[in-house]
Each structure stands twice: as C-alpha cells, then as structure tokens.
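Beneath this line is the structure, given in structure tokens, with notes to follow.
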Amino acid sequence: MGATLFLGYVMNELLSSGIELMLVGMGIVFTFLSMLVVFINGMSSLIQRFFPETPIVAQQGDDPRMIAAISAAVHQYRKKYSKN
Amino acid sequence: MENIRLLWESTGLYNFTGPQAIMMAVGFLLLFLAIKKDFEPLLLLPIGFGAILSNIPVAGMIDEGGILYYMYSGIKAGVFPLLIFMGVGAMTDFGPMLANPKTLLLGAAAQFGIFATLFGALAMNVVPGMEFSLKQAAAIAIIGGADGPTAIYVASKLAPELLGAIAVAAYSYMALVPLIQPPIMRALTTEEERKIEMQQLRVVGKTEKIIFPLMLVVLTALLLPSAAPLVGMFCLGNLMNACGVVDRLSKTAANELINIVTIFLGLSVGSKLSADAFLKMETLGILALGAVAFAIGTASGVIMAKVMNRFSSTPINPLIGAAGVSAVPMAARVANKVGQESNPYNFLLMHAMGPNVAGVIGSAVAAGVLLSLIH
Amino acid sequence: MENIRLLWESTGLYNFTGPQAIMMAVGFLLLFLAIKKDFEPLLLLPIGFGAILSNIPVAGMIDEGGILYYMYSGIKAGVFPLLIFMGVGAMTDFGPMLANPKTLLLGAAAQFGIFATLFGALAMNVVPGMEFSLKQAAAIAIIGGADGPTAIYVASKLAPELLGAIAVAAYSYMALVPLIQPPIMRALTTEEERKIEMQQLRVVGKTEKIIFPLMLVVLTALLLPSAAPLVGMFCLGNLMNACGVVDRLSKTAANELINIVTIFLGLSVGSKLSADAFLKMETLGILALGAVAFAIGTASGVIMAKVMNRFSSTPINPLIGAAGVSAVPMAARVANKVGQESNPYNFLLMHAMGPNVAGVIGSAVAAGVLLSLIH
Amino acid sequence: MGATLFLGYVMNELLSSGIELMLVGMGIVFTFLSMLVVFINGMSSLIQRFFPETPIVAQQGDDPRMIAAISAAVHQYRKKYSKN
Amino acid sequence: MENIRLLWESTGLYNFTGPQAIMMAVGFLLLFLAIKKDFEPLLLLPIGFGAILSNIPVAGMIDEGGILYYMYSGIKAGVFPLLIFMGVGAMTDFGPMLANPKTLLLGAAAQFGIFATLFGALAMNVVPGMEFSLKQAAAIAIIGGADGPTAIYVASKLAPELLGAIAVAAYSYMALVPLIQPPIMRALTTEEERKIEMQQLRVVGKTEKIIFPLMLVVLTALLLPSAAPLVGMFCLGNLMNACGVVDRLSKTAANELINIVTIFLGLSVGSKLSADAFLKMETLGILALGAVAFAIGTASGVIMAKVMNRFSSTPINPLIGAAGVSAVPMAARVANKVGQESNPYNFLLMHAMGPNVAGVIGSAVAAGVLLSLIH
Amino acid sequence: MGATLFLGYVMNELLSSGIELMLVGMGIVFTFLSMLVVFINGMSSLIQRFFPETPIVAQQGDDPRMIAAISAAVHQYRKKYSKN
C-alpha cells in the first residue's frame, strides 16, 4: 500500500508538471506568435509607407494548352534522357 | 548433408522470428497505405520499405556496417530533418499569412493539441502496461504538430526509441486529415458560420516576403533559441526562395536535395521500426494519443477562429481555424472543401493557407518549448 | 641553392616512381577507352581519372585527409554501390520479364559464368606467380555477373585489395559485350535457330509491376538474406518507379543521385588502382578470367535457351539466352542485332530484355550465395 | 617433396571446395529463379483473374518533330540556365 | 516564479553577448549585400545566414552535435571546395584561352597580387595589434587570386581560424571587381591602347579541349603536385564537360551537386564567423590587404599586357590583362565594358575570357606553391 | 632593448622570407604557365596537322522567340512540378 501511495505521488508529480508544461507551453506559443503579429503589422506598414511596391502584374497568360503540350514533351524528353 | 544443414541455417526462413515477421507485415501495410491509399507516399513508402529491409534476418542492414546503420546517423545528428525543413521552407509562400497576420493566432491555438496530448500521455501512465516518461510524453505530443520533420527532429532528441512509431503516427494522421477534421469542424460550427465569406487578401510585396523570414529568425534567436535549428533552417529555405537572387540554390533545396534526403530519412526512420520497440502496448497508446492530438488541435483552431470572428472587424470563417494544425496544404484544402459544402461560391483556400503556414511556425515553436523545458 | 634543391625535391618529377608512372598510364588508357572507344564512359572516365589522381606523388589524395580517402569510405561502407543499384532499379522495367517469366531461367543459366570462373581462379593457383585465396577467387568470379555495382559490392566485402582490377575488368568486358558475344552465339546456334521468331509479348499491368519487386524482396528475405542489401535496394528503386506515386523520388534516384554517386564511386574505385595492388601477375589472371567468365556465361545462356526451345510450347530463339549475363541493355541489343543478321524482320530486343533483367537478379542472387558461403 | 605433397593436398582441397561451390551455387541460383517463375505465374494469373486491368492505351502520339525541337530547346535552355 | 526565472534564463535575450550581436549584424550586412547589392549572392547569402545561425546563443548549432558542426567537417576535409572546383571546371570553356595561349602569361602576371600581398601581410606585423604568422599571411594573400574555392581550400589548410574573414573578403572583392578595376585600368593605359582591336579568335576543336585538361593535370603532377587536388578536380570537371560522352555527370556536377555543396559550404564558412575570430584588429588588416591584393593583381595584369603588346606580332589590348585575376566572368566583362567606353565597336569579351580562365589556373598554381613552401 | 632587437631580427627574418616567397612563387607561376603555353602550342599544331577537325557548324538557328516561349513554359512546368 505504501508502494501505491508512492506511485500515486509520482503520478501526481507527473500530472502537475504536465499541467504546468501545458500552461507555460501554450503561453509561450501564444506570446511568440502574437509578437509576430505585431511585428508583421509594423513591418508591413513601414514597408508600404516607405518602400511601396508596384504590385507585380500577373504573369502574361501562357496558353494553357501549349503548356500542357510542352510539359508532356518535357516529361517524355526527361524520361528518354534519364534512361540512356 | 552437413553442408545442406548449414545452408538451411543461413536462410531467412530458419532465422525469422515472429516479431520480425510481424514488423515486415507492418512494413507492407505502410506500403499499401502509401501506394493504394495515397497516404503521404513520399514518406511512408521509404519508411515502409525501411521497415521491411531492417527486419530481414541475417542480412544485418541495421547493424554497424550496414547501409541503414549509416543512414540513421543522419537522423541522429538531426541533419536530415533540418535539411527537409529547409526544403519545405523553400516551397512555402508566406504571402497569405502576411496579408492577414492575425491568422497566426489560429496557428498558435491549434498547438493546444500538442500540449493536451502531453498531459494525456502522462495521464496514460495509470493504464497498466503503459509507461511514458516525461521525455517520451513530449515526443509523442509533438505528433499533434502535424509536421513530419519537426516530429522526427524532436523524437530523435527526446525519445529515439519511439522514433519509428511517432513518425508513422505523424505521417499517417497527416494523411487522414481529410477524414479526421471534417466531423469536428461541422460539430463545432453552425451552418451560418460555415457560409461566411472572407475579404479578398491584399497582394504582399517581395520586400515583405524577404524581411519576414529574417524577422522570424531574429525573434526566435531572442526568445526561444532552442527552436533556432528548426526555425532557422526553415527561414533559410524561405529566404532563398523569396529573395529571387539564388534561384539555383532554392530550386535544388526544394527538389533534388529534399528528394535525396527524403529517401534516406524515410529508410532510416523505417529502420527504427524494430519489433522490440514497436510491438508494445505503448505503441497503441501512441496511435491513440496521436489521433486525439489531431482532434484537439483541430477543435482548438476552430474555437479560436470563432472567438476571433466575434471580435474582429472583418469576418473570419471559423473553418480556417482547422488549418492551424499545419499539414500543409492538406488542412487548407479540407477547410476549403467543407466551406464549399455550405456555400459553393466560397473560396477559403487562400484564407486557410495563412493559418496553415502559421501552424508550421507554431509547431516549430512548440518543439522549441519542449526541447528547452524538458531535459 | 639549398632552396632550389628543396624545390626540386618537392616536384613530382623527383618523386615519381616507375610503378606510379605506369598506373597513370593505365589511367590514361582507361580515359582513352572511355572517351574514344565509348567503353562504359560513365564509369571508366571517373575510374581512369581516379587512377591518375591517386598516383600523383606528394599530393597524397588517397592518404588520410585526402579527398579520395574520404570518398573511398562510401565504398567500404557499401553505400555507394547500393545507391547505384537503387538507381538502376528505378530505371529498370520488369515488364518483358513478367510477360514471359521462364526467361528467368536464362538469367539463372548465364550465372554459370560466375561459378565456373570461381573454379578457374582456384585452379590458376597451379600457375607459378598466381595465388588466389577462396575469397579472392569469389570476388574475381563475380565479374562474370556482368554487373558493375554488384561486382564492386562483392569485391569490397571479400577482397578489397583486388577492387580496382575487378571493377576495371567488369566494366571493360561489359563494354566489349558486342565483340565477345556474337562469335560464341553464332558458334552455338544454327542458322535456323537464329531465324526463330517469337510470339509478341502481352502487355503487363501496373499491379503486377508493383507486386513483383515486393515478391522478390520477400523471397530474398526468406531464402537468401545475404543478397538482401543488393536485391532490397534494387527493389526499392524499382518499386518507387513502378508505383507511380513517388515520381519525385524515383526520378531523383535515377538521375541526380545516381550521377553524384557515380562520380564518387568511380573516383574511389580508381583510387584503388595503386601500383602495388595492380602491377602483379594476378591482374593478368583477373583479366583472363574475366573474359572467360563472360564467354562461359554467354555460352551457358545460349545452351539453356536451346534446351528450353526444345521443350517449350512456344518457340524461343536461343540468341536471347546470351542476354542472360545482364549488361543491360547492351546484351539485349546484341541478341537483337545477331538475330537480324539471319532474319532482318526479327525483332528480338524486347524478348531479350526479359533474360537481360533476369540476369541482374541472377547475379545479385549469385553474389548473395558467395557472400553467405565464403567467410 | 613433403612440401609438394602438402601443396597438392591444399590445391585438391581448394579445387574440391570450388566444385562444391559451383554445384551448390548454381543449385541455389536455379532454385531461386525457378521459384520466382512459379510465383510470378501465380501472381499474374491471380491478378489477371481478380484485378483485371484495362491495358493502358499507348500515349497519344506526340509529334516526334515537335518533341525533337522542344528537347533541343530544353537542352539549350538548360545549358544557358546552368551557366549563370 | 522560479520557473519564470528559469525560462527567462533560457532566452536568447538573457544569453546574448555583445560580440554575438555584432556578428549577427555582420551576417545581416552580408545578406543585405547579397540580396540588395547582388554581391555574389550564391555564396554570400548562405555565408551570411550561417553567421546568423552560428551566433544564436543557447542553440549551439556549431557545437558538437549541431548541424553546422557536421557541415564544417566537409570543409575541414577539403571536400566541399574541391567539389565546387570540379563543378566550376565543368562550366569552364577553355576555348578562348586555347585559341590564344599567350594570354596564359596574363593569368600568371596577375598572381603577383597574391605574392605582393603575402609580403604586405608580413610587413603589417609592424603595426601594433596586428600579428600574422607566415601561414596566416599566405592564407590572406590567396584572396588576391580572386577565386573563392581556392581561397577557402588554402585557408582551411593553412589558417582555419581566419577562414571566415578570408572567404568574406574574397567573395566581397570579387563582387566589387566592377568598382575596383576600372580606375586602375584607366590609369595604366592610354586612350590609344584602350582602343586596340584584337584579331578574331580561331575556332578551337573538340580534341584540343579534351587534351588540354589532361595535359594540365600531367604538368601539375610533374611540377607542382601540391596543386594537384585543386587542379585535378578542376580538370576532371572540365574533361567531363569537354569529352561529351558523360553529359549526365557533367551536368549534375555543374548544377545539382555544386548547388548542394554551395549551400553546405556557405553555411559552414558562415559558421566560422565567430566573434572571437572576427572581431579583431587583424580582420581590418585582412580586408585592407584583400583590396590591395585585387588592385595589385589588376595592375600587374595590365602592365604585363602592355609589355606583351609591345613585343607581340598581333595587337593585344592591355585591358584584357586585368581579367587575369580570374573572378570569372566578371573581370572579362569589365575589360569589355571599359574597352567599349573608348571604342564602342570593340568586343573584347572573348579575348578577355582567355586570361580570365588562365587566372583560375594561375591562382590554383599559386595556391600549390604556397601549400608546398609553407609548413 | 634586447627584446626590440630580437623583434627586429624576427621581422627581418619574416620579411626576407616574404621576398623570397614572392620571387620563388612568381617564378614558379610564370615557369608553369609558360610551359603550358609551349605545350598548348605544340599540342594545337600537332592536332591541327594530324587530326584536323572540320570546324563545328554553328547550331542551326533555333528561333529565339520559340526558345524564350519554351523556356518560360519549362520554368512554369518545373515550378508546378516542384510543388506537388
């Protein structure tokens, strides 16, 4: 029975360190990512004010069928190339 | 006659042990899941094959001098998972997250899956036949991060004896994300909430994408240096991709290098699927805890998103909270799909990519916490 | 004056030994064969260059701390040949063999070249000046397998002191297949036999191609575990290619990874072409035995095909038996070409690919036999 | 002369183990590959009965000249790419 | 409370030392130069990032067991710089040099920058606070070779403690070639000389391009074996490219392999940017000496070209002498550009490529001299 | 003062070995590369006399616009390929 008591004590010990880890861990994770939110907001507004970028125009529409044809050909080519 | 006896005694048939046969069967199960069920095949195929090779008797491929023995040293040194993380960084676009930074909080909330599981693993010690030390509990908990290389990195540091089971659980549940998450997401949200449409994201410029990984590495260095190897290599890959001046390097990091390392990493993880480590009650515990970890992570992400939606000026669809577990880009796709069931014109994919990549950061941070607090 | 003497004494001219000069010439001969005669250039070029670099006096590139010393450890550990075998597996299509499985017997028969050569090497001990131990004889015999990485793997385990000569002989004779085989094939077959047309092969489905490498690895594990490293890595590469879900990995294994390892392997094999190991009577013996091994392997493949043709319900052209020595795909091309000399409309190429890839399995199995029986 | 006798004895020893290796070795190789024949036949008939596959249609004929042109271009592109 | 104190003591903020912070700032400066100023970004980006990672307190990435510790062993063994040199060899076309072999003398003359700097570094010992041993002076001097892998190779052999500073100086000044060289070139030449047009170069055949690397490796073996590792690996890469029969290997050497090694090499060079080695008076000396080395090398190349122009039957534009410092192909482009300022129709690029690649050979030879004479 | 003298002596020693290294070093570099000039000239004239090569005709003009289009497509393809 002394052993059971001891085991119970160890379990309590483990579980309380589990709860502590949970609180501390989630605390650090939230603190860290919240600070990242703050810093990103700061960075973005600084950059948009002082180094505004002209938004990149979407890449000129490559004909998707051409791309499909070419990528098939490239694939074929690679396959061939990889064998010899 | 004598020679034939010697020959017979050199066969695998003569030397096979039951546990080895079972582990080979586990290897074939993993191959089946990888090839037929498309469960993260890039990792589970080499892992499964590694399990088969390492359980062949006599061949001794995991003994000193065997190829799997040498390969495993790349995990023991932490080099393989970190190189994979660098490659993942080179494939990651932080644009959607930078356009809507508060989604980082969703990535934070979903890490509750990790810490709840840590507690759960410790509590499991009451079950007879299960025994997890604090280190082992932490290594198991990281499955909840839904991030393969992070799980392997942490497990190799804290509990290498569980590496095989943890890696298999992590990748399997990542593959099961489309099955595990939707019921939880539906249970925790109303039809109205699932219909919420979000504002289109602004375009994020190149400079912001360059500065972000640098900012992240500095913050990690200042606050949580134990996460610096993971976060640092990830940021290196991301910076190489974002800056545009070293495309040669970022392409190699995201293609050939990550492919080579994936083969080696998978084989050596598989080589840790040995019978005496895997065929134990504890493995069942790990599998159960892993599923719980994913469920809790999903739930806490969704709940956090509901809370934020209440206080936010712009609407937030709670479904994107589920993407906070990482499992890029599967979890984001799931959020999109569940959203479209309620509102077919609702495109949540890009909105969910924010918490999704935030989840990668979140689990790396959680890994740092575990590595720094548990010795 | 003193300084000029010191300077002179640091030159290669002062330090060159006769044997080193001869080995450099051997290196240049290999480069000539590789570049001008197209003798397996992918291997013989790095091997030849390795021979040159390792025989430069003073530079000490093979001494501890030198680059060739480090590279050689990849062979000593068996890692390089196994990775090459994985890449070869990823390039191999077992379709023609699965469509006509009895061609496996041709791949078995051709391995008689290995065991006859083993006997021959032992018998050579009667020649004064030649002395081969059982291990050395086995390492030499494997040249008859006509498979480079297998030969290097076995030689590095059984007789590393002969590695250079064995690798050079193996790759040289593989390049000489179009010269060595045809006369033997013509001598052992009649014009009528060479004209035999074979039935078109059925199309083999994806499932069979996926199951086969798994079946092969299980059979190896059960019966001949000493062949498991070779066969296992080969099957891994083959499975990655066949399953279609990890194309990223199989392409990298069959391209960048095999290329990188080929450079390193070639250089380190070349670095074993040192004068004291190579400039011996025994090397002549190895070269002679290698040629005999190829000839016997070719002959036994052809004879087996003749026997099978007699008993088979469908016709078998005996020429395809010669492809059983492996040397993929050169031997299959030779069978096709010799066949077309007799019957220009006879396309044996695909039929010969069956015994050809069977020969790869056969020589890996023979390697396993040697490694398990000889200690 | 004793030495010669001894050498002869060693040679006999070696040669007889060579013959034994030859027989055992070829035996194992043939047994192994014959079993593979049996298993492949079994596997193929099982698969063809229970999981019949519709044979894959040959890939739609890519114009070989186009492939040649493209692979040349790809080669050029790669060459260029690899230099800067 | 106690726990919060422990937590605080595990942060980077608590553990940061001033020198570490400065070195991280140096890392960021290198990233800025690489990304914004396009200073040799392929190397300076990984070097800068390596400096950041290695100066994060607590993380211990450079301690035994850390990823940067393992990576550095590839430099210590000399393997990384030699593999890069092989890749550079595979990218190099010796055609322009073979068409006009006397440009080799320009590549020789420009190496005076190395030996003058060696003397300068020794002379600097009179400055209080500066102390350079003969080995250190030689390692610094090699910056004048304007060749990154050569500098890293020599520094790792002679003065590994200065490796970080030397590599940074070498790559920075290589990036500054377009700023450093033109004023010197203009000061040493007349307008008339800069206008000189050169005869068109003959086309060099494939055979000559194959024979040349072989001839070079033999000459090195005979005369200066200490340069054999560098020259040999360079020639191997060049031969693989020139011979045309191993394109698979030369492409991998010049692409994926060099990219992978560049990432590893850069990170591990950066990991040597530690505060106690870098934040010393000597580093200022190294930076100053490096600039002087480039200037002297440029000047001696130009002067040599002027001398040769006087005695040559065909005209030689002295500007191409400046390309003798190597820094391929930047220095050749600078020569072309400065030439076109005086004569817009003067295309010196190809003519300058001769001394440019000759400069690579020249600095490898000079490295061999230093390695053989200084122990 | 004895120390200064000694230091001066060491400096002289170092500087004189610096000068020696400079002379010997440049000597070797020049000798080596000059020999290379001689050997290249010899090789080239030998090859041009005994193994004359028909100069390689410039590669048939690939349409540069086509190459540009294709390399863009290849790039796209690769990007796509590299992500999944």
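Per-chain numbering from 1; labels A, B, C, D, E and F assigned in written order.
Note that a residue touches a chain if its C-beta (ideal position, glycine included) is under 8 Å from a C-beta of that chain, and two chains touch if they have at least 3 such contacts.
On a predicted model such as this, the values are computed, not experimentally measured, just so you know.
S.K.: By the touch rule set out at the top, what is the minimum number of steps from chain B to chain E?
M.R.: 1
S.K.: Higher C-beta contact count, C-F or E-F?
M.R.: By number of C-beta pairs in contact, E-F is the larger.
S.K.: Look at all chain centres (mean of CA atoms) and spot the one farthest from the centre of chain E.
M.R.: Result for the farthest chain: D.
S.K.: Quick one: which of A-B, C-F or B-D reuses the E-F interface, over half of the residue-numbered contact pairs in common?
M.R.: A-B
S.K.: Which chain has its C-alpha centroid farthest away from the centroid of chain C?
M.R.: It is A.
S.K.: Starting from the mean Cα coordinates of chain A and chain E, work out the distance between those two points in Å.
M.R.: Distance between chain centres: 37 Å.
S.K.: Please tell me the distance, in whole Å, between the geometric centres of chain D and chain E computed from their C-alpha atoms.
M.R.: That gives a centre separation of 46 Å.
S.K.: Taking the mean of the CA coordinates per chain, how far is chain C from chain D in Å?
M.R.: 11
S.K.: Would you pick out the residues of chain B that each touch at least 2 other chains?
M.R.: Each of 7, 223-224, 251, 255-256, 373 in chain B touches at least two other chains.
S.K.: Which chain D residues reach two or more other chains?
M.R.: 24, 28, 70, 74
S.K.: Touching chain C in the complex: which residues of chain F?
M.R.: By the definition above, chain F touches chain C via 20, 24, 28.
S.K.: Mind listing the chain E positions that touch chain F in their complex?
M.R.: Per the touch definition, chain E meets chain F at residues 98, 101-102, 104-105, 107-109, 111-112, 114-116, 118-119, 122-123, 125-126, 134, 137-138, 203-208, 211-212, 215-216, 219, 223-224, 358, 361-362, 365-366, 369-370, 373-374.
S.K.: Applying the document's contact rule, which stretches of chain E touch chain B when the two form their complex?
M.R.: For chain E paired with chain B, touching residues are 7, 10-13, 15-16, 24, 28, 31, 34-35, 38, 41-42, 45-46, 49, 52-53, 56-59, 61, 65-67, 70, 255-256, 259-260, 262-263, 267.
S.K.: Using the touch definition up top, name the residues of chain A that touch chain B in the complex.
M.R.: 11, 14-15, 17-19, 21-22, 24-26, 28-37, 39-41, 43-44, 47-48, 51, 53, 55-56
S.K.: Mind pulling up the chain B residues that touch chain D in the complex?
M.R.: It is residues 3, 7 of chain B that touch chain D.
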